[in-house]
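My questions will all concern the structure given below.
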Amino acid sequence: MSQATNPLVGVIMGSKSDWETMRHACEMLESFDVPYEKRVVSAHRTPAWMNEYATTAQERGLKIIIAGAGGAAHLPGMVASQTTLPVLGVPVKSRALSGLDSLLSIVQMPGGIPVGTLAIGDAGAKNAALLAVRILGTTDPALQTRLQAFQEEQTNKVLEDSEL
Amino acid sequence: MSQATNPLVGVIMGSKSDWETMRHACEMLESFDVPYEKRVVSAHRTPAWMNEYATTAQERGLKIIIAGAGGAAHLPGMVASQTTLPVLGVPVKSRALSGLDSLLSIVQMPGGIPVGTLAIGDAGAKNAALLAVRILGTTDPALQTRLQAFQEEQTNKVLEDSEL
Amino acid sequence: MSQATNPLVGVIMGSKSDWETMRHACEMLESFDVPYEKRVVSAHRTPAWMNEYATTAQERGLKIIIAGAGGAAHLPGMVASQTTLPVLGVPVKSRALSGLDSLLSIVQMPGGIPVGTLAIGDAGAKNAALLAVRILGTTDPALQTRLQAFQEEQTNKVLEDSEL
Amino acid sequence: MSQATNPLVGVIMGSKSDWETMRHACEMLESFDVPYEKRVVSAHRTPAWMNEYATTAQERGLKIIIAGAGGAAHLPGMVASQTTLPVLGVPVKSRALSGLDSLLSIVQMPGGIPVGTLAIGDAGAKNAALLAVRILGTTDPALQTRLQAFQEEQTNKVLEDSEL
Amino acid sequence: MSQATNPLVGVIMGSKSDWETMRHACEMLESFDVPYEKRVVSAHRTPAWMNEYATTAQERGLKIIIAGAGGAAHLPGMVASQTTLPVLGVPVKSRALSGLDSLLSIVQMPGGIPVGTLAIGDAGAKNAALLAVRILGTTDPALQTRLQAFQEEQTNKVLEDSEL
Amino acid sequence: MSQATNPLVGVIMGSKSDWETMRHACEMLESFDVPYEKRVVSAHRTPAWMNEYATTAQERGLKIIIAGAGGAAHLPGMVASQTTLPVLGVPVKSRALSGLDSLLSIVQMPGGIPVGTLAIGDAGAKNAALLAVRILGTTDPALQTRLQAFQEEQTNKVLEDSEL
Amino acid sequence: MSQATNPLVGVIMGSKSDWETMRHACEMLESFDVPYEKRVVSAHRTPAWMNEYATTAQERGLKIIIAGAGGAAHLPGMVASQTTLPVLGVPVKSRALSGLDSLLSIVQMPGGIPVGTLAIGDAGAKNAALLAVRILGTTDPALQTRLQAFQEEQTNKVLEDSEL
Amino acid sequence: MSQATNPLVGVIMGSKSDWETMRHACEMLESFDVPYEKRVVSAHRTPAWMNEYATTAQERGLKIIIAGAGGAAHLPGMVASQTTLPVLGVPVKSRALSGLDSLLSIVQMPGGIPVGTLAIGDAGAKNAALLAVRILGTTDPALQTRLQAFQEEQTNKVLEDSEL
């Protein structure tokens, strides 16, 4: 899975073990030919680098950051607090509490610092990428077209399979 | 509170009683001079109009839809399923379950249809608007500048008040 | 598993993966010789068809709709908002939150649009069918008789097995 | 609030204090001119009468039973186990756990005995009545017509008030 | 596993599948030589027999009833409402909600009808039996002695194994 | 509210602020003329006295201990671990989590040390007393008679008030 | 309320509104004559200052940091990730979810970065200070003595008030 | 795994089955060469020994107690109530409720008796040890140095692995 030289989307995650979830975001971005980069950036174990990542994201040309984390998931909110780019958060399913802790840690941000939060787990990772594509599509007609085709195809697949 | 003739953001809510929450989104958009429109659009009581609202949003020039709802909150997800615009969801605090039902109904979308979900209640409404501004700011340098000023001001206000 | 030509009950579900749960509804309907149809109808991926299904259900002769879905489960509520037929909702067990999200998304409907909600998972699917049979039985003496026989048989089976 | 001589719907509740919630069911039934009766029937304090109520409901001409209760809410399920009429359950908001206990006690019935469960509190009471009307409306064209008028009126009220 | 001719404790459960949990209660009673009987008594599928069981328990010589059930667990509360014997409830672990529904359905009884509730699952079954023995022990010195021996032995087993 | 010289029931609570809840237990015991004592005994602030209270309860003639506590409620379980008397636990409603923490801290005891747990709050306090009366009633025919009268009266009060 | 020139404990909180909770920590520290400082330090609104605060805390002579925050409460964990001082977290009660979100956001830290978490709200703030005093007391005999006196006094106060 | 002759940290757990979790604490302490002891000490099955352990811990030279327990987890709080040493609590994942009960039983202590609580399960055990090391490190420069090396190494490991 190669990465783009001029990525528009940064996909980051708090731990290598989050990759099993977050790869669904990357695969979706690839299917739309959206250039992205992916990194492990840990709020708790690499705070300095997280700060650097967040504060330089915009000047490096990123348009959107997708951040996944589990448990006391601080990555999405802390990145959002250090950039003015839109940040999308993916709650990774946690061992004990099945991601309820991840979800609340990401979504319950105080007024002033927004994180657009998606569902717990794989569906959330996939949808974070799709929301990024929707955002980019608001100013990129070609992407918009592909997005509509994706949605239609998705509809058709259900319709074809509607008979049980 | 006037509304724009060429709104970029559509702020919709499932019931008039959600206005007390959702006005925080509108006030934030106004403070950034982002043109917006606001409407009560009920997934359950006006499904046909919701469908029309969602399917025509893009051609009417909207770039982002902010949807707030409480309880079994279907509005954000159902609008997202009928547009390719980015949809941001605000879980309104519900009477019995304090918005936990609203949150789960909005955020736990299946893979394929994303809703960027914000916090329960006022903070979420405010942040939905800020996330919309961040999205618009990725292609609008003037808005980007204002956004950075907002963030700095917010920082300064805390710093000034840091002594207790 | 054949389907009826003049179905009285429509069994729909948001995704093919819900069939493992919803087939318990169909099997129960069959055991009562209640004609039914079954379809995958996705609120989020096939909203137009869902609207069509809901709005035409009555004229096609359906008396009751059973709708199962998981996660942010909007199908039962959205169908209920576009028909005046009784709609029964089955919360399918979800991966992360075990169906608590499905349950709250289905049952916490606002005043005005009712969904009669059953238990999470297989028991709920089975009971949705039984509730449909009870409803039909209020005006169908033959069905009523069979229903009473079912209940007695169920009682007898427990009584016979009561010794451990 | 008078009661019908030949009631079609029995509205029962576990305690007099549930009346503040359950009167919304009665008011809705009245607005549709559906004859009903209302009683306090406590699963725990009047089990014998509950049994009598449940087992004689059908022969007394009732078509549907609406049962509301809070906390460890056993009334709807216990009535459902002693009749073959459709039983609709309303979880009354409880003091400590806001009705989450009532909801789970009512909705999580085992396979074999269905209770169609509505939302916690007033909305649930209102919707239990509406679901009863929908059920009766499947075989009563006049009621069906009124139900459609109700739904349209409800839609129109939102549309008229859509401007904020 | 034989049953006593003059049982002091009645161990009942809502379904045969609860036996895997409830056998821990029976084994504990046996280890104390407390005569007991065990039965499947379903609140929902055999309400008439449950009523008979509850109302005749005292005259048959039972001193305590232990009732286990899962999901919308009505058995303990309904038995308690039809006897003046002490009733102890065991929440059986349920499939979707891990017994949280069972627990709340059993413990949240309204003022007037008590159910002494134990932990979810095996530990609860074991402890229901122990609580029954404690109750019987208040008037049976021999049992009291055995109970103290049990507790000491339990302590000693931990102390011996305290080194890791 | 006087206390008995030879109390059969010890009503203890973790803090003076629990009295508002626990007085319902005392009032109920008084209405049955059951001699009792009441004390503040804090597991955390007076552990030595708690140990003394628990270990001497039986020799002082107590037959049952009722213990109420809130939050991380350790009193019932810790007393149960130091006596072989039956211990009944009352989860007092806590400020932040409404007694869910109290309930789980009391009811989820490991196998070996039982606490018969009642509902959160006032109903639980009242029922702890009633369960104590039921226990005492198994060997006290006079109390048994009064208990049956209580239950009948309770039934009659509902029946008289059944009309709304 | 004056602050020490050479503080040993830093009491920080995410927002001015947290002061109502966190002042209980400061009052407790004062009652033990432990020098402390107090500041509003927002993880989300003043991330740069938070980083500075955390990274310089040790060289400034602080021994312990107490951090209180509500909702998606990232302050304690983010400070802990940038210091090797012990960090104690206080979950402030949040509006919608009563501090359950605050608690999970603070306590569920991944292995590698510890936050010693106290109870939600006032009790937690008071106890964070007491835990700090206990930590300092392990190497400060005078403080240890005062701590034991505090604990005894606390015990005595309960004992004196034990009669109700 | 040998144990120190002059341990500074006491690692205790409520049951032998907690060792699978608590060994992560011991391994971490060993990696820092912090002398410790480890024991099974059950609040419920060995209350007398727990009292002895807690009251003599300080005179035996312990500086910190780490206590792990599951379900109605009373060990950390009860030990904290009988010592003035800092007590750190580890909620062990429980069978039915995944450690939510353990967490609430440990963290929700009343004002006056603090328990510094860590995450549910292995991460919490590891972090309890790390927090103990941080506490000891505030007065032990050599340990402080090792702690900083640990944190740097942890950072480096993530940085090296940051590419996916």
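A, B, C, D, E, F, G and H label the chains in the order they appear, each numbered from 1.
One rule holds in what follows: contacts are C-beta pairs under 8 Å (C-beta built on N, C-alpha and C of every residue); 3 or more make two chains touch, one makes a residue touch a chain.
Keep in mind the model is a prediction, meaning the values are calculated, not measured.
Q: Determine the set of chains touching subunit A that also touch subunit B.
A: Neighbours common to subunit A and subunit B are C, G.
Q: Residue numbers at the subunit F-subunit H interface: does the shared fraction exceed half, giving same, or fall under half, giving different?
A: Subunit F and subunit H contact each other through largely matching residue numbers.
Q: For subunit B and subunit E, let me know how many angstrom lie between their CA-based centres, rounded off.
A: Spacing between the chain centres: roughly 52 Å.
Q: Can you work out the whole-Å distance between the CA centroids of subunit A and subunit E?
A: Their C-alpha centroids are separated by 50 Å.
Q: How many angstrom lie between the CA centroids of subunit B and subunit H, rounded to a whole number?
A: Centre separation, subunit B to subunit H: 44 Å.
Q: Express in whole angstrom the distance between the two chain centres, defined as the mean CA positions of subunit D and subunit E.
A: 34
Q: For subunit G, jot down the residues that touch at least 2 other chains.
A: If we look for residues of subunit G contacting two or more partner chains, we find 15, 45, 48, 71-72, 96-98, 100, 107-110, 112-113, 119-120, 123, 154.
Q: What chain-chain pairs meet the touch criterion?
A: All chain pairs meeting the touch criterion are A-B, A-C, A-G, A-H, B-C, B-D, B-G, C-D, C-E, D-E, D-F, E-F, E-H, F-G, F-H, G-H.
Q: Would you tell me which residues of subunit H are touching subunit E in their complex?
A: 15-16, 19, 38-42, 45-46, 48-49, 71-72, 95-98
Q: Touching subunit H in the complex: which residues of subunit E?
A: 93, 98-100, 119-121, 123, 154-155, 157-159, 161-164
Q: Can you tell me which positions in subunit C touch subunit B when the two form their complex?
A: Counting only subunit C, the residues touching subunit B are 14-15, 43-45, 47-48, 51, 70-72, 74, 77-78, 80-82, 94, 96-97, 100-101, 104-110, 112-113.
Q: Can you list the residues on subunit E that touch subunit F in the complex?
A: Contact set of subunit E toward subunit F: 24, 63-64, 84-88, 103, 107-120, 122-123, 126-128, 130-131, 134-135, 137-139, 144, 147-148, 151, 154.
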